[in-house]
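Letters are used for the chains, namely A, B, C and D, taken in the order the chains are written, and counting of residues starts over at 1 for each.
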């Protein structure tokens, strides 16, 4: 076996002088050192890796899988055979996916490298959650499906567990109203009944009152789902209060923290919720928090067995790509890079608010008083209904993506309340956005506004 | 806009002579022609494309997505921002995933290119099913999750539909016994009740008797799932009979055709089942049939609305990778390439049987009489229990992957029957296997056998 | 032929709404627009392209070459056949190299795409020279060999021309002394005789006196080579004076401007030399000026025919890689990016001098008074001979690459003079260096100095 | 340092069982073993490597170069800084080129990895020559310039040596006429005088008579260049006779074996020439013999010092790409792959002759009697002059690349003789051509012929 740490020994009696060989070995060792650190520490590296290092790691691990073994003889019906070499590229070399017999994190005998890759990645998932404000996390998993399906996965796991433990047959979920199809469809997917608690308007904000939740509960639910990140006017739930309530009533409590990892404030709420009561799992999007392509979720828990339960609930195998994507994000950013992104997000959020306040003054509107570390909302009281409609189109044509315009005379879905009367526009200063995104968006809004006015 | 079909006009007055420019344009046109054909015909190309052509198509489409628009200003919370350029590589450039608001095939406004890519791919999915023996297919979708979860997805979609239509509340599935965890977990995932019909031994084979199924049905199920491809001794179900029964009883009927596309025999059964009775959806693995990395499934139906229903059931978005993988397989193979693979599979299957017969003669065992176009089983009556156990380990050490050794004194799971007494070994000559895989596997089996004997 | 500017028309009646198709086409058009601009303007783009755009251009052109024509039948002895797909990657897809029958820029009938690529690249070469201070350049070529061999190529071309024109048989070169092996070997390579004019010490600087050059010339040379960029203490030549002299004496005049494009001062000298007298060609390194891997040179001339003459002198074909490398640098940087690099170089140069002055004060040495826009020299009068020797090794161990330590008691080669007595160290703040390179180098020098002292 | 041969030890107490880790390590070891073998044996591997292995080797070595050292501080004027990450791709990671101070194979202190890569490659160059019929080769080098410039390089090296040794000043080359511009320009490039010996017609063939060569020599040359591979009607030279003559007269003897490695017959001539007399160097194209992109040459010698002399003659540095290309070809093909290619060439050559004989019968022409292991010529006596001209264009339009049509009434250049009267067409069955190339070419010729007739 070639030992790369002694690679230059093969050239010791060549024309290449010893000090050069020594230097070459030194540079190679520096290149490889992060791999060693990763394996030893099983933690997100402090500094990000370069692309070559990441690919080298992936190549090394992928070449442990048996589909790369030219001396094997393969007589299974599934052997990670591929039609084209391009598949290797698209899959980072990991063709066996993740999971085995409906157990996501079970090692795959045909894929030792893929199994190591997944194990390491899950350690990084736990580590980044701990470093992002949740030191009380005990285990985490990169789920190979996005937030909505990951919620279904988690609910399915916990429903079975709840019913087995409690010898009951509960099928309902207590749900502070959240007007987002992915969440609602996750419940429908499992055929669960929803016990929805409507939001109330408090000034500009829409909140779901803890007392209302308590009142709604009739002892017929197995779980409550709470939310942090969402669009104004809906604010985060009282996660801590819900957590205490869940503990008191022996309810499963799942926090959907969709894009909340980027916000220390939201994370702090979850942390104290874990400490104060019961939190079974926290679900977050890998793309919205960690800048991967869409496809995965990070599910974390203060209880290791909960993650294993979830892992054992997935039916069959799944694509390894969402896992690899998260791994790539963590290695390329490093803790440093991720902290920089979070700092930049905070600055952009302030900038967005400041710029929108300036515009508000000019057009006689106001920035709304709604707590949200990512988004800012501005009233649009001076626009007529058809102007509200036109505004969306105008922004689209100006290539502003992502703003939401609310028109109370259209559907109420989105406000999480049936009586929200103020028209508004919402913009996000989310992680990964640039300063330029923010300034251009506000400029273009101002232009669109004056165009339609 | 640069028109690639007139690219050389920019050099008309250069040093490069006209006939050379003309030739260059001609060669480029040939390179691009398959793209045009694909867009016009929306069918699997006759001949496979080369890697450069496939990447060119993916690059072109991916560069229609708004995350590539340098003039955009992005103020959504999800804008397909990525932490590393490596994500482009791993995702084929498609960072927005597939799906929107819980509707898989809904066009994504931020991803026109990704939307086109998915639409084209689903056309190819339909086309390859039609060309592989099911001309009666009306629509197909590449599901972004593998067979097990795709079964859950399909069942969830049809359960809702069934209960809405029938104004009932059925939660049970009629299931000819199939000893495969992914399938069983898919049902558990949704909290469905299983009404399992045991297999019966007919000579060497295990079959699930249609009459037993009919007897088991008490009017309390919404669906029946039938199976084609499985490991010996379990043979395929009487798909046609089940289809008629499903029609008669107004039951949803899903065919799990896990790796059955490779076999014209199994496909023929499904075809006549569609014609004779009721088949709502047919689910097949993309990796096992089309040589992609693990992660997707092809769901087809003789009824277009059924596919739309499934598509609307998925909660949230999903990774685009399983879709891209299938697209890559189809484009790189072409109809020609796929037919060659199927032909080679048939030859390998014959070879495997012939070689195992030769061995059987030597060791006084016999090739079992079980219908299976992929796998062959050999009795192991002359091995003692500890030898049966040792055989698995010995084959593993000889780098034979995929064989199954059955020991009746261990667990019965796998035979789909409670009283299967013959010990045996199963090997597969699946699509994508090489002749060498087969010959080496049999040689090594013979060696392992003589070693442990 | 597929027209990418109307790609979305194929989906007009699909599920994808028209405004989305329109947006997708718009984003794709933006992606492709730089290609059109490049073809129309044949100039370095203002803003740099992203990697995907560059690869798209290379792919498009490479797929015009006949080795990509699957319908061709190839019965030549050289058809750009390749042993491995990796060759496509390493060659950017251009397998035919450049040149034909000993004429570098001749279009290659088998490689229309490669021919276009080379033509475009040479336009960019001319353009970047014009934009970097030489508006009087009429033609340029990316020579597929580095500076030394490109000097040989140029000298060979002009010697033939000179002797044909003058009906004489001159074989000598007038050479202001330059202690660099590549230059001297270029002359030896052609078997030319060198008529070297020694440098004189003026304060700290070594200059080659124009009068000495004139004196040395006995009418027996066909060319004079002058130099801009070099290491201290050797300063640039009196390019303008030599240019006038060359014109007066009908001598070929070649300027070796090895890494001088980065310096507006050196470029200004060449500009006025062109205006005032005779300059036949200016040769510069592509790697040192344009941050490509080693391998090419940019040869420019105020006379178009001179470049053609050079182009016709190269024996046979050559690797296309140095050409592609230069193209990649120009497209990825753009004029903007290149100007930023030059500005940063100037700041780094100032920083280097300031930091070295600070050190000088501490160690009782001084920054030397030598004109050089890239390098700075510091006296090392207080080090003993063995300490001078040790300093080099110490810096090497501290991973400082590139500094030169001069010890007058060792060989004099390098100072371009026989009587340069001051020991010194030279460091470069060259284009592409980072601020960190500079600060770390000076810190480490200080550390090494104190260690050996 | 991470030791890849013990990579799995980091996971020993993980969920992944020991036998899986062991298997993973085993598969990885198999993947890496060829690298070890290469370093130990410094020979072309028996079996070809896959792309991943080749890239892994290149990545490993490239990451020994100091431009990858993030802890370095770079203050040289040339530090392999690059404008774009694409340069890494195009250069295989080797940005420093090859060569140092005009000594090609000198180790580069800033590029230990690149230096190792070049050294290994030159060993493979020697090895493949030995294995292809020249066991008497002592050293070889991959020259970073193609055949023409490599001839100039070799002649320059040997001219200096000859004149130093013989204390004379010879500037002439004895040259059996070869009508190829690259060769003639190589001599012109150095300003050498050509002493050309015309060919004589022997039946169909043109040969350069050894006696004519001897007669032509007046003691005023320092070298003779001989040729193996060329187009009919010119046959190879009497290499052995020339070799003896060179030895007798103390002349440098260079064999231009442009695409002769593919032919055991031509190689045998060279082998016996080495044994019988004097051969200083043999030059062959890397693209024509080893299926690389255009750009390099393999120069071999039975005398190690000759190769070093050549290596020391190159002025400056050069692109590493031609070197990497050759390395890739050798690793991807392996000895096995190369032998298969040679066997296929021989079959194709026979096929070409057979098919052309069939056509000849039909059109009343004949296959010409000219020795050539690659090409076959067919008379075209029945075509009129304008038809001969039209034939070339017709074949071009039918996408036949590479055939040569000779029209004695046009220029005689190409026949190496002044009185060759037979019109003919030549086609090559060169290494790397497919059976389909041959059959299609003959079919299309037949079609073109009948079209113009």
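The definition used in the following text is that a contact is a pair of C-beta atoms (placed from the backbone, for glycine too) under 8 Å apart; a residue touches a chain by one contact, two chains touch by 3 or more.
Since the model is a prediction, treat every value here as computed from it, not as a measurement.
With steps allowed only between chains in touch, the distance from chain B over to chain C comes to 1. The greatest centre-to-centre distance from chain C, using averaged C-alpha positions, is reached by B.
With centres defined as mean CA coordinates, chain B is found 29 Å away from chain A.
Computed from the mean C-alpha positions, the centre of chain A lies at a distance of 48 Å from the centre of chain C.
A separation of 55 Å divides the Cα centre of chain A from that of chain D. Contact with two or more other chains is made by residues 23, 51, 55, 66, 69, 71, 85, 109 of chain B.
Interface residues of chain A facing chain B in the complex, by the touch rule stated above, are 51, 54-55, 66, 69, 71-87, 89-92, 94-97, 101-102, 109-110, 144-149, 151-153, 156, 159-160, 171, 181-186, 188-191, 229, 231, 259, 285, 287-288, 290-296, 313-322, 324-325, 328-329, 332-333, 337, 352, 374-375, 399-403, 427-433, 436-438, 440-441, 444. Contact residues on chain B toward chain C in their complex (touch as defined above): 1-5, 7-8, 10-11, 14-17, 20-21, 23-33, 35-36, 39-40, 51-52, 55-56, 59-60, 63-66, 68-71, 85, 88, 93, 105-107, 109, 112-113, 115-116, 119.
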